[in-house]
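Right after this note come the structures.
Here come two complexes built around subunit A, the first alongside subunit B, the second alongside subunit C.
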Partner chain A sequence: MSTLIETSHLTKEYKRGKQSGVKAVTDVSFALEEGETVGLAGESGCGKSTLARLLVRIIKPTSGTVTWRNKEISSLPEKEFMNYRRKMQFIFQDPYASLNPRMTIRDLIAEPLVTYRLFPDQEAVTERVKELLQAVGLDEDALYRYPHQFSGGQRQRIGIARALGPEPELLLCDEPVSALDISVQNQILNLLMRLKEEYHFSCLFISHDLSVVRHVSDRIFVMFLGKICEMGPREEVLSSPLHPYTHFLIQAHPLPDPHQRDVKREILSGEIPSPSNLPSGCLFHTRCPFAKDVCAKEAPPMKSFGTRQVLCHFPLHSSNTEENPQ
Partner chain B sequence: MKSTRALSRANRENTVRSVLTRLFRENRMAAVSFAVIILFILAAIFAPLLTPYSWEEMELIHRLNPPSAAHLFGTDEAGRDIFTRMLYGSRVSLLVGILPSMVSLAIGSLLGVTAGYYGGWLDAVIMRLADIVLAFPSMLLAMVLMYMLGGGLFNVFLTLSLVNWASAARIIRAETLQLKEREFVESARAIGVKSPKIIFRHILPNCVPTIIVLFTLNIPDSILTESSLSFLGLGVQPPAASWGLMVNAGRQFFYTSPWLCLFPGMAVMIIVLAFHFLGDGLRDILDPRRRKQ
Partner chain C sequence: MADTVLEVSHLTVSIPMGKEVFPAISDVSFSVQSGKITGLVGESGCGKSMTARAIMGLLKPNCKITEGSILFDGKEISHASAKERCDLSGNQMSMIFQEPMTSLNPLMKVGRQVEEALRIHTKISAAEAEKKTVEIFREIGVPDPEKRLKAYPHELSGGLRQRVMIAMAMICRPKLLIADEPTTALDVIVEAQILSLMKQLCESGTGILLISHNPGVIAQVCDDVSIMYAGTIVEQADVYELFDHPMHPYTQGLFNAVHSLSEDRGELDVIPGTVPDITHRPSGCGFCTRCTQVKQQCESSFPVMHEPIDSHRVRCHLFDGKESHEHAH
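== the complex of A and B ==
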């Protein structure tokens, strides 16, 4: 497996005048391997969506680099960057808001195809749109209809067809199912996994819903206040989290079992620090029950434990895994 | 299902013809209004064929005659046939109502959407310019412009276009600011669609309802501003006729001979209402969400 996309020290800061601004994403470095699906989990406002938007330059990063197959692409001029846009397609959260209400389904799905000039003429584009509709399980009837004539699940299928058209190598899914009913969520997730088999793309799957993340991911990244605090294979992260934040995130997840209603769960108290006024040292120390003096003073380094990485001075469960120095 | 398919094929393009057929099928009021507007325009074009009188010839023995078989809408203080003068006056009033509204809306929409979409210094410059225009009472501004440019129909057009763009620019800018944060615009940006294309395919089409409403609101404004300018001797000059001019001229005879203002005034009202209903209907039909299935 080779690395598909890699970020190094990616940062986005929204400045307010001359004061130090809001840090939406701080110093994020990760690598996404070819063919894998990474689940990006974290609470609202932690910078998950911003991170994905930085990759496709919907938002421009303040600093840091993005590398695509060992080629730095974050400083490319827009014209050359278009070649990479084609390879990275985006699926949005809200299927009601992400489709222009005044365009037909045909035009919506054709938009990326036309933008990248993938087909010689309009007929060829229409043919491709028909194929795509079929691939996502919609009728050819849909071609000249408008988004408002479809249900949420159908619209998300249209969004997927739109993203699939240019045959991307990386699909960025920004909470693609969180606006849908549970039953429809499942259909869409299964569709995405089936298409992944068929089209062999990698996937960065953003969700705040751990059960969705568990369902689709090979690896999980956990984000907190603009930083990735833990990365590792799905089962290991969920069963024995290294970062205290991951631990509490899992604890906070509701159990779909009424018999376990009385099981005592550890719930964090306190408020999330404001991103415009970040705490010193480890970002989590203000709420972390395991925090020691050093946590308030020094920002922890990213530590590696085999396939796992964690941003913490005192990782949980670390006694059974050996830290491997880098 | 079959009918839906036929309909969706018909919906494929918003050609003038398909819009008109749908207008007549779905919105009776808009269709009637459209017919009224066409009727007025035809009457303006074929004015000489519709009346035996001349618009400027005075027959002083017949001054201030009430409506009769010979003079359908009566005669004015100089004995001129009011119906005839209205026919000729409609040429001025219709043009003055429609053309400057279109021009000022085109200017206003383009500037507004540019300011809203690009922001930054461009936004600042355009909006300060609009503020300057809006800071003066529009009547005063029109008078100054007319005074500088001199009278005549073309200058009336120019003046009205230059006066009215600012409010349109403001409204379209506000709409753009809201639209550009919508996810479908973000989605187009993620694909890499160029800014001008985003403006013309994603933002402006979603401003259409607002633009149509602005257009219908602008028409009576323009007709009335023209009449005020003419009244002040800055617009169309007597003895030429425009509806506004006729209403103004008839004011002094209102208690004794109300038909002098009544008929031109009603013409203004009818054409304004017709544009309003047509605008309403067009807005509904051009919006896929409101389309009847």
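== the complex of A and C ==
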């Protein structure tokens, strides 16, 4: 497997006049392999969406680099960057807000195909749109209808068809199912998994819902206050989390089984610190029950344990895993 | 045996769409006991919020309660006058909504908003009201309550705003609290905090009607559960019985969909199709267009509520003639 996209020390800071800025994403470095699906989990405001937008340069990073197949693309001029942007397509959370209500389904799905001049004439474009509709399980008679004539699940299918049009190598899914009802959620997740088999794209899948992330991902990244605090293979992260924050995130997940509710769950108390006034040292130390003195003073380094990495001075469950020599 | 705070029976609410009138909810019956949490589960558009609004008297003027009754504390309130409503709302029954930001007044300090109900319903001095507000803030876990009284909603996090909403609803110690998707806009850790707070509130005697689309949330806190689909209740039982032995094909489909997410399976279980919209609901069983076990009569006749096991009711033709005992309506 080779690396598809890689970030190094990616940071986005929003300046606020003379005040200290708000750090939305801080020093994020990761690599996404070809054909891999990475689930990005974390609470709202932790920087998940900002990170995805930085990759596509919808938002310009303050510092750090993005590399696509070993070529640095973050400083390319806009015109050249377009070639790379075509290979990274987005699926958005809100299927109501992300489709222009005044465009027909044909025009919506055709827009990226026309923008990137992928087909010689309008007829070829329409043919491709028909193909895409079929791939996402919609009838051809959807072509000349408008978004308001479709349900939430169907609209999300339209959004997926639009994203698949330019044959992306990386699909960025930003909470693609969280606005949908559960029975429809699963239809969309199944569709995404099937399309992935068929089209072999890599996927960065953002969701706050751990059960969704667990289902779709090969690896899981957990974000907290703009930093990735844990990365690792899905099963290992969920069954024996290394970062205390991951542990509490898993504990808080409501299980659909009343028999498990009497099992004492550890619920984290308190509030997430404000991103405009970050705590010193480890960002999690103000809420962490395992925090020691050093946590308040020094920011922890990213430690590696085999295929796993964690940003913590005292990782959980680490006694049975060896830290990799630096 | 706990007291029944709320008894909804055979409630039907109609809504005009164009020239026709459609039943938004039909034949909805359930009850809420004091000190217990009753759950109402369903997908969007199934009539959960409409039910809550009918109980609170917050229906839009064009929606009419055409049948059924709502007994609150033994009194019929389905056609209560505005004045009677004023005495009840915020005092004996109150409601919290999904999105705390849009239900708080952005121009008013949160302390004033919480006190409002108390000042309206009781003769109480300003100082006394403030003291009570601080008390309730402390009780429901708002850190630094004296300072927070003077905060505006935008200065608080989502979790704190929802706590303020709860404080507002609870300040007069209502007998009934209706919580319409109280945690849907919140993160899981905050959700867990709010749910444990709800449990703590019902222990003090308030009966809670918890509306949610998430079976996980319902499984965590509810005592009794009603499942709604296409405007009617399709299944009803206590929480353990319902999750252990779901009977209605919709409930089974819904639970399988949730469970397959938390277990390891290749393809996720789905319920095919989508929820029929209100103008296209089938004349028979609302679920017949998506049901895998559909029979001929499902399309033509609206199923009645059966009780195949004591206290476990299901509205499905598969259970025709399978009553646990002879009962006279």
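List of remarks:
Here, the second predicted complex is superposed on the first by the 326 of 326 C-alpha atoms of A that agree within 3 Å, B and C clash if a C-alpha of one lies under 4 Å from a C-alpha of the other, contacts with A are read in each partner's own complex, and residues count from 1 in each chain.
Everything that follows uses one rule, which is that contacts are C-beta pairs under 8 Å (C-beta built on N, C-alpha and C of every residue); 3 or more make two chains touch, one makes a residue touch a chain.
Note that the coordinates shown come from a computational prediction; the quantities given were computed from them, not determined experimentally.
Annotation: superposed three-chain arrangement on subunit A; subunit B versus subunit C shows no clash, the two fitting side by side.
When the shared chain is aligned, subunit B comes close enough to touch A:Q93, but subunit C does not. In the superposition on chain A, contact of A:L249 is made with subunit C only, not with subunit B. Contacts of A:M103 after superposition on the shared chain: subunit B is touched, whereas subunit C is not. Of the two partner chains, neither subunit B nor subunit C is touched by A:N70.
Contacts of A:E43 after superposition on the shared chain: subunit C is touched, whereas subunit B is not.
By the document's definition of touching, neither partner reaches A:S2: not subunit B, not subunit C.
In the superposition on chain A, contact of A:N186 is made with subunit C only, not with subunit B.
After superposing the two complexes on chain A, the closest approach between C-alpha atoms of subunit B and subunit C comes to 11 Å. Comparing the two complexes, no residue of subunit A contacts subunit B in one case and subunit C in the other. Interface of subunit A with subunit B (complex): residues 53, 56, 58, 78, 81-82, 85-86, 89-90, 92-94, 97-104, 111-112, 115-116, 141, 143-146, 148-149, 159, 162. Chain contact summary for the complex, subunit B toward subunit A: residues 1, 4-5, 8-9, 11-12, 182-184, 186-193, 201-202, 205-206, 208, 287-289, 291, 293.
Those residues of subunit C that touch subunit A in the complex are listed here as 43-44, 141, 143, 157-160, 187-193, 195-196, 213-217, 219-222, 239-240, 243, 253-255, 257-262, 267-272, 274-275. Only residues 43-44, 151-154, 181-187, 189-190, 193, 208, 210-212, 214-215, 248-249, 251-261, 265, 267-272 of subunit A touch subunit C when the two sit together in their complex.
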